[in-house]
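Lettered A, B, C, D, E and F in written order, each chain numbered from 1.
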């Protein structure tokens, strides 16, 4: 069953952010390989696979949450890509980030918008 | 036009949380009456009235954001009510809060769930 | 295997904080019963059971972390009890909290010390 | 010289918040008496006695900082009293708190305003 | 009137940080042009133009607040420049940042001092 | 006696992180030399020299605390080195960081693990 959680998590990651787990797993390989497995199992295997909320909304609330953290711009970038991958539009993502000015203050919202800008430019460059 | 922003904000507040502005306005009346007006004008008049994101999603990302703040349980309670008022289900709200364990840690997510529990019990008691 | 994680978590919880899971589980029963299970499985079943760090140190770093969060005094209280249950002394816990003034500021450290004071008084009253 | 820092800190505390150190010292007496001494010595003996910034400004930046922390309302209340004691007006304090909506978000600013309201009402009741 | 808020905000920005709005506006132009307008209107048009607190104090409390956020070093740098532009001395700014060690901890205060150092060096290089 | 605190702090810093104070002191020399002295005196002279907790545990709780701050990766790196210098193993440090996923969320824990990875690679390169 634990293997199931891992498999379910990896499948979810393939939907949400196909490049990200490979990259994460490579980065963690020589320092904390268990952390890569725990990330596949818990957030992706246990949480994102839950019923009751569609993936688009799950990614948008994550984008909001990681914006408020303030100091996790790499992960914010990954989740912005994830949000796009599950069907959110750029406009929807930007709307969430602008709204964050109300709850986390303008500097934090502004930094998140700059991260989104980098992600969008990176994606445009790949086209 | 500034009057317009205030009016638009009050109308939005009536949709999202009819009791909350009266209460807020009463609370702020003798210390910072401008703050009540600024809240009507900026978050509600300027932000929640924007195109590009439906009110249900706006409230769910706010619930996520205020959960991550950790120390604004009263406002979290108001936005949980707001989310219900614009059509979110209790299940959707709880799903957002459980997911926050991944991004803000378990203690912070747990406190948010307890706040939701109080709101739901208060609403059940009113029926 | 998933059942194993839950069982391992419950056993760990019995060592660390025998009353706490029953209470948590009761509190969450009508709003988010899955959250109680997830807490047993992930933090207690997956993390606290890991090799490489003794339980005393695990609880002290948790006490430090939850202190820094600032807004999770209930959970801080639980982990202070947990730290005592796995063999930390009151003096060790207070030393961690005083040290937090350096990293999270004096107001946050002071609030954590007041939470510890309440826990110690509650335990003294039970004797 | 360390005795000097303590004495200087206590004198500063008498200026800024005459009741607060006695209360703090009583609260900490049976759990962390050193913490009361460290607070007199470092923030009050070392920092508030520094040249280069008047006490009014020192208290207003502290009010801003403790507002942003979000979870230290008791200490925020003490520093609002301290600000009044060194010559700030209520209006100045409220202006700082309203401005914090821009940097820490509206929920956090609102909670700080409610704390100020309680402090002002407590002081009015004493008159 | 909304136009007025924008104009008042732009005028305030010219006083506080003449380069910053052009730069902000350019950065946001292709992703969230409304955000540049909202920043001119709300923080600068609505808040910094308020009576009751001089601009020097407004910038110093902002420097304190953005320091506590911890993760908004670019905006901290802008507000350090803003503080200098409205008449604060370098010494006053550094005093605020040192004092933040008491409220936000030493690592956060230290990072803010390094940001101030970069700003001062940048300004010295321009002379 | 104040001289004693400074001397005691410098000695403690030599044990915990021999390079770090020189570097800190050089960095602060032209902007806030007092801050370097205050850091030697208070965290190192007053706190780390206290009885009641061994240095290994003091560094591990600091690693946990600075991880939760999220935005102080440079200082986190210094304390990871400090932890190694006072006898912690890499495995113990990584265990603390993985555990932080439970209390500060996965993005924050992940960033801390990446900082540890950089520190370990830097140390390996020096061998």
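Please note the rule applied: a contact is a pair of C-beta atoms (placed from the backbone, for glycine too) under 8 Å apart; a residue touches a chain by one contact, two chains touch by 3 or more.
This structure is a prediction, so every number in the text was calculated from the model and none was measured.
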How many degrees of rotation map subunit C onto its copy subunit E on CA atoms, rounded to the nearest 5? 180
Mind checking subunit B against subunit E and telling me if their interface is mostly the same residue numbers on each side, over half, or mostly different? same
Please work out which of D-F and C-F is bridged by more C-beta pairs in contact, and write that pair. C-F
Using C-alpha centroids, which chain lies at the maximum separation from subunit F? B
Subunit A and subunit E: spacing of chain centres that average the CA atoms, whole Å: 30
Length of the line joining the C-alpha centres of subunit D and subunit E, rounded to whole Å: 24
At least two partner chains per residue is the criterion; list those residues in subunit F. 34, 38, 42-43, 50, 66, 69-71, 94, 98, 101-107
So how do the chains connect up here, line, ring, star, complete, or something else (other)? complete
State the interface residues of subunit C toward subunit F in the complex, per the touch definition above. 42-43, 47-48, 50, 52-53, 57-58, 60-69, 91-92, 94-96, 98-104
In the complex formed with subunit E, which residues of subunit B make contact? 1-5, 34, 38, 41-42, 46, 50
Help me check something: in the complex, which residues belonging to subunit C touch subunit E? 101-107
Sort out for me which residues of subunit B touch subunit C in the complex. 69-71, 94, 97-98, 101, 105-111, 113-114, 116-117, 120
Quick check on the complex: what are the subunit A residues that touch subunit F? 24, 27-28, 30-32, 34-35, 38-39, 42-43, 65-66, 69-72, 74-76
